[in-house]
Amino acid sequence: MSDLRESIERAESGRRKWPWISGAAVLGVLLAAGIGLAVTRGGEDSASAASGEPVRGGTLQFALIDYQRSPDPQWGTNYAESLIGNNITDKLTWQDPDTGEITPWLAESWSYNTDLTAFTFKLRQDVTFSDGTPFDAAAVKANFDQYVHGDQTLGINPNGATLLPGYIETQTPDAYTAVVRFEKPLASFLQASAFTANAQPGFLSLNTLKLSAEQRTDPTKVIGTGPFVYESWEEQVKTVLVRRQGYHWSPPSLRHSGEAYLDRVVFNTIPEASVRTGSLTSGAVDATLDVGTTDEQPLKDQGFAIVSRSVSGTSIFFNLNSQLFPTNDLAVRKAIQLGWDRSAVAKTVLTDSYSIATSVLNTSVQGYADYSGSVLRYDPDQAKALLDQAGWVPGTDGIRVKDGKRLEVKLLGISNLVVNKPAYESVQQDLQKIGIDLQLTVVPIPDYAAQVAKAKTDWNITAANRSRNDPAVLNLSYSPALGNGSFLEQGVSTGVDVAEVTDALGKLETTLDPVQRAAYAKTAQDLLLDKYALVSPIYNPSQVIAHADYVHGIVFDAQSRNHFVDAWKSDAGKSAGR
Amino acid sequence: MTGVARYTALKVGRALFVVWAAFTVTFVLLFVLPADPVDLLFDPAELNAIPPEVKEQVAANYGFNEPVILQYLNRLGHALTGDFGSSVQSGKPVTGAILEVLPSTLVLASAALVLATLIAFGIALAATATRRTWLRDLLESLPSGAVSVPVFLSGILVLQVFSFQLGWFPAFGDQGWRSLVLPLITLAIPVAGPIAQLLVRSFTTEFAAGYVTTGWAKGGTRGGIIVRDVLRNASLPALTIAGVTFGNLIAGSVITETVFARRGLGRMTQTAINTLDVPLVAGIVVLVAATFAVINLIVDLIYPLLDPRLRASLTAGVAP
Amino acid sequence: MTESLLEITDLAVDYRTGRRTWTPAVDGVSLHVDPGEFVSLVGESGSGKTTLIQGALGLLPVAARIRSGTVAYSGVDVTGFNDRRMALVRGTYVGFVPQDPNTSLNPVRRVGAQVQEAVPEKKREAALESLRLAGLEDVERVFRSYPHELSGGMKQRALIAIALAGQPKIIVADEPTSALDVTVQKRILDHLVSLRETLGIGILLVTHDLGVAQDRSDRILVMNKGRIVDEDHEYTRRLFAANPARQPAREPRPAGGRVVLRATGLTKEYGTLRALDGVDLAVREGTTHAVVGESGAGKSTLAGILAGFAKPGAGTVHVGDRELTGLNRKQLREVRRDLQYVFQNPFTSLDPRFTVRRLIAEPLRAYQLPAGDRVTELLAAVSLDESFLDRLPAQLSGGQRQRVAIARALALRPKILVLDEAVSALDVSVQDQILKLLTRLQDERGLSYVFVTHDLGVVRLVADDVTVMKDGAVVENGPAACVLRDPEHDYTRHLLDAIPGVKL
Amino acid sequence: MLSWAVVLLAVGWAVAPHLFTSYSPFAGDATASFAPPSADHWFGTDRLGRDLYARSVYGARTTLTATLLAVLIAFGAGAGVGLIAGFAGGVVDTAIMRVVDVFLAIPSLLLAMVLVSVLGYSTNNIALAVGVSSIASFARVMRSQVLTVVHQDYVRAAYGLGVSRLGVLARHVVPNSLSSVVALAALEVGAGVLAVASLGFLGYGAPPPQPEWGLLVAEGRDYVAVHPWASILPGLALATVVIATHRISTSLRRENR
């Protein structure tokens, strides 16, 4: 019988245990090793900071939140597009970031007629596009014509129509003289000729201008005069620029001669804040824009440099709708200005790179005036008193009521800047205390765009900012004749003299005399902030860059956009991103 | 063979209908959008100041000024030839733009699918193979754990540990296999969850089937029975959730590609919707729906090959 | 000394019924099978026979445990063997033939591969030989086939081939033929007997059908409530007595009488398959008309048409004077008050969410009739007391369920009941009770039955008239006594021959 | 058991948040910006010094209301459509199922994103979008369940007993079909919470200062390197509830077998 027993015994020998335990052990060891490594890796970074003479060569790995939707610099409206456009193309003039003064660049000199409708530019004669064609008056004319009018057959939009309102034509009396003519006085055009932000007037070669929108999505065909040229463009991922050989016409005020120092700049799009910061600390990138406010201090502690510039133009402001209940009541508008604690916002929301707004204009804009001691201060008692006088009495839930209607103020804002939402929430908390129910709708740009069309009738406050380093930005944003940001309407906006506002703002376009302009700007700010309380500025947004200590010379221009012509790495061989 | 031919024709017809309907649904949805896609080409702070004639000119550039029904017919006609117009945001032809980013999503998604399937089978096999109840319970609870953590959070945590702390893998971009590892894991885990749940269930059912008893009686071992008999029978139901899995892959890649700053269809979808790039959204939805339809078609067509019973009923001419 | 091939000693198996509670399913069973012996283990459902076999083969489910006792093959005690060691015993030492051939083969693999796997050397030739040994012809074709391409009988033979493939010393067969037609059952069992003789192996046959056991066994063991009971035990006697073959045939009733249900020239096609082919049928008032046939004969299709569930392709059905075919839904509802239907499987024909009270009241409610006492009255008519009123079907045994189904069918006081295999899912003793119940109800209420069945043994007990069907057509019909005693058709004779247990 | 406790706790948070925390979810303490978890602040505080545990507790209301709405839409519409398709059969079934095919072909996150863009931006609209995007899967499950039930003997038996079509539908088909759809609904609660969170990550969330789980996790992620609790602890709360709903769904499904 025992064939059964034997066969069992035979098969029994030499079987192994199910390898659960060994497997678990291996996993455990791996995990432990991983954590150990993670702990020990903490502080090993920090190469020695050697500044001094600029070094040529190297690749700058740069991170930012946006991506370039099209390589055409005249097209884009986001930061990545203007940033890259600035390194691909040059402008007629350069605005000094410190003084706001317009200085030469591709134009050596300029003049204008007394009513500011014709501007004559004398061009540099040694500038060429990277395809070898010369930069001349014909190029200026072709660019401006297409920039303002677009070209339907090529699918090119009229990108510059808002920057150059009333543009008639560009005349070319000789090869290197361009006369730009407008229907109405346009004092701000001079600043526009240096404009480096959204949909900028960077010059493209005539060959490029002939291309359709679709053809311009091939970056190698987008030709400018800038210090860098396109190497590649991967939508959503990165744009790679390489140094332009023979470039020697950077703005004289930059005091940079010759070509850019860097061989290559790579703009990496990284949408997640924590990933940008992590990539910088782990050495995958050399520098990053759009640094989260909470990451600034830790990065400083780890030896990274934080450089920033407040965005020139307006602050982030609450645009108070003067024709919609209850913000049609001057007392309510004044109470909103006075009713929130600026120090709390500064402390919890902002960092040193940002500042609380002290006017609707940023401090760097010509004609800026300081209202921090007067209109723009935290004074809840005064605010309450104003509301009391106007007949707003506290209701059961603490929110004030007048004629049976609650003091509900509906705000429409954009969530693109991380700081916006918490800043508004902080204001909301404070206004609650004085009896104003501020209702926030802080949404992505498309939803904002959808709602803003109905802003006149639906929203008490639209919150935004406008980036234009010229006092005329007030005219563009608020003039009832142009943007009419505060929805002024004679008779409907109670107690507001619309003609007075229109007139005061309009004057900003009529002179380029600094003293006179400053006076006009002061008048305009007085009306907007004090007399009619049409706007409650919140804070000055900022462009914040964190970079490794071996990175130098990243330039912020007057629009707070960056230029890399002067940037260099003290350890040029050190290439981030391995 | 008429049975097979009819079956195939029926399924192909259905797939075509789905694609057309998806196009139409998208068109209708996008044309009742509250926002004007043209507005999004401008700085939001400037919207008030843009002259109407400028807006009209831009709208004309994209054909948004024509009557809706004409636009629909026009776009449908072009779509039939594979032309979905140009992206409002970049001016790129939609088809080209999609084709350009598609490969990297395909690589990520197919690799994640493979990994997810391996994980799911690993869990199901291990749960079936083990005789320890606690281990089985643990394994069976893994799938719901896998789908319960938001993908963006797991992605960011994975990055913190393996990229920023340990430096083993790059944090962003899509160059080389190393940059694929972390997104792959992040995407595979939630995709594996539902597959694993289904497999665990069908393995349990099949392991109780009569032929398993026959297998034991033959002198089969646990492993042998699972591999030879249970595996194929239990795997077949997994094909039925191919569509769901595809949806999970797309949804997962939208988030994974954003976290890991990868180029791809998911990221493009997100930005296209976010910027209301109507032609691009329409193109993507049609592509996705078409892919879904094709996947289901393939599943419908290969199912009979894998299941001899169904094949028999088809050749007999009885539609299932 | 020759050791027993299988020796089970004092085996007790428990099932887990709660966190710490165990319920015995097999309680101190001993049995042995010697070489060349054919032993039958007979028991009804719930008797523990399947658990016993699972215990012997080491295939108990996770929720079960062996409390005590041993299982030994040729003197080797395998109790407590793990799967890996048990695998060395199964197949090569003990072959197993499972109950349901339709689920016991892997549907997605070819039969040949499944047999080949069981052959020790995995040789194709040996697998073919094994199929031949199991009594299959054209083994090459079978080898290449998928299970669904084979008939039930062929599948069961393939399973026998698998059991034989490892050249075991003993074969354990668990109800190997209960899913098969009687004629097929007979051939398979005869073949098993012949295998015992040619190969000299031992066979342990587990069955609920005493007739099957009686025809072939060397020894019969009767199992009840987890124990083996001896021949003189009261249960054993009752079981033997319940066997239809042991019971007197129905008293023949006078011919004539009014026809209450008449079918003429019924035809039904499913695709290319002709399920019914010109069937005629006449049911006399107050009598039972049996419809007999094997699977595929078309008897269920016929029952469905008679009850108005399906429409015939051609032909007519008359209930009394009314023509059933071609009625609209509303008119059909009226006819249903006279004609009710009882399903084969009481496990699926009762809504699992309904209590007995609701189940029985449902037809009354449908016709807006008062329920009240009527429900208890009906319950009493099927010999169930009021304690059942609030139970759910899951809390009832098979027999109790079928009683509820009958009570429900009687609620509207119909004249005709169509009983579609109404007792074939039940144990012999329960079947016996239900048949007696049906006879009593018929006598009390003057009901007419259409009694669809595959079991000629049962027909003898209940039928006045019988119609024998094959392949959708009527083979022969007439008074039951005549047809059973003196069949005209070969097929009928064939069926009669296959009835197990008649010879005794 | 534990799963039910978790879900009950979450419901308790939503119904009576003030019983679970003494902090206000809105009032911040400017001096306690980004306080780490402690006995005072179990989950720590956020940038404005608001107690994150309190925000999580109050967030349950927003999140669960939105999820419940989503599930009700998906369940109501999906089960209804599936029931009609499965019970009516024929042309009605074909027509409904082709429409369902189309909705299945567009991944639900994608559909939800498009819908939110179209509907505009609010918690209710997000719920609506998530709900609508799951109608198709409910319809499919319901239909297949109805088809199974319709062919059961007890349904045929009911017809045989003379019960009307409507009676069969109401008393047999609906109750017996609902069970697996209910299991799916439990699963959908978890999926809904996650979908709302994902939309929050993609920029569509509840209006401030209303706390919402997905948004808490999504907003906290920006500080994950410096203040990891701000994202991880609400994330854990969210994951726990989702896992609990999954387990409940599994047990519901088991009971129904």
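Per-chain residue numbering starts at 1, and chain names A, B, C and D are given in the order in which the chains are listed.
As a working rule, contacts are C-beta pairs under 8 Å (C-beta built on N, C-alpha and C of every residue); 3 or more make two chains touch, one makes a residue touch a chain.
Here the structure is a predicted model, which is why all the values come from computation and not from measurement.
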More contacts between chains, B-D or A-C = B-D
Chain centre separation in whole Å, for subunit C relative to subunit A (CA means) = 82
Inter-centroid spacing, subunit D versus subunit B (mean Cα positions, whole Å) | 21
Mind checking the centre-to-centre distance between subunit B and subunit C? Centres are C-alpha means, answer in whole Å.
-> 48
Per the C-alpha means, the centres of subunit A and subunit D lie apart by a whole-Å value of 38
Expected list for subunit C, residues touching two or more other chains, is 84, 88-89, 92
Subunit D residues touching 2+ other chains are 117, 120, 203, 221, 224-225
What positions in subunit A touch 2 or more of the other chains?
-> 272, 274, 278, 444, 446-447, 450-451
Can the chain contact pattern be summarised as a line, a ring, a star, a complete graph, or none of these (other)?
-> complete
Over in the complex, which subunit D residues touch subunit A? Could you list them?
-> 26-28, 30, 33-34, 47-49, 117, 120-121, 203-204, 207-209, 219, 221-227
Subunit B partner contacts - residues on subunit C that touch it in the complex | 57, 59, 83-84, 87-92, 95-96, 98-100, 103-109, 114, 117-118, 146, 148-149, 159, 162-163, 165-166, 271-272
Which bits of subunit A are touching subunit D when the two form their complex?
-> 272-274, 277-278, 292, 294-295, 298, 341, 344, 347-349, 415, 418, 421-422, 424-426, 428-429, 432, 439-444, 446-447, 450-451
Considering the complex alone, what residue numbers of subunit C touch subunit A?
-> 3, 73-76, 84-85, 88-89, 92-93
The answer for subunit A against subunit B in the complex is residues 20, 34, 37-38, 41, 63, 67, 69-70, 72, 75, 77, 150, 152, 155-158, 161-162, 165, 198-199, 212-214, 216-217, 234-238, 268-272, 274-275, 278-279, 281-282, 284, 414, 444-453, 455, 464-467, 476-477, 482-485, 577-578
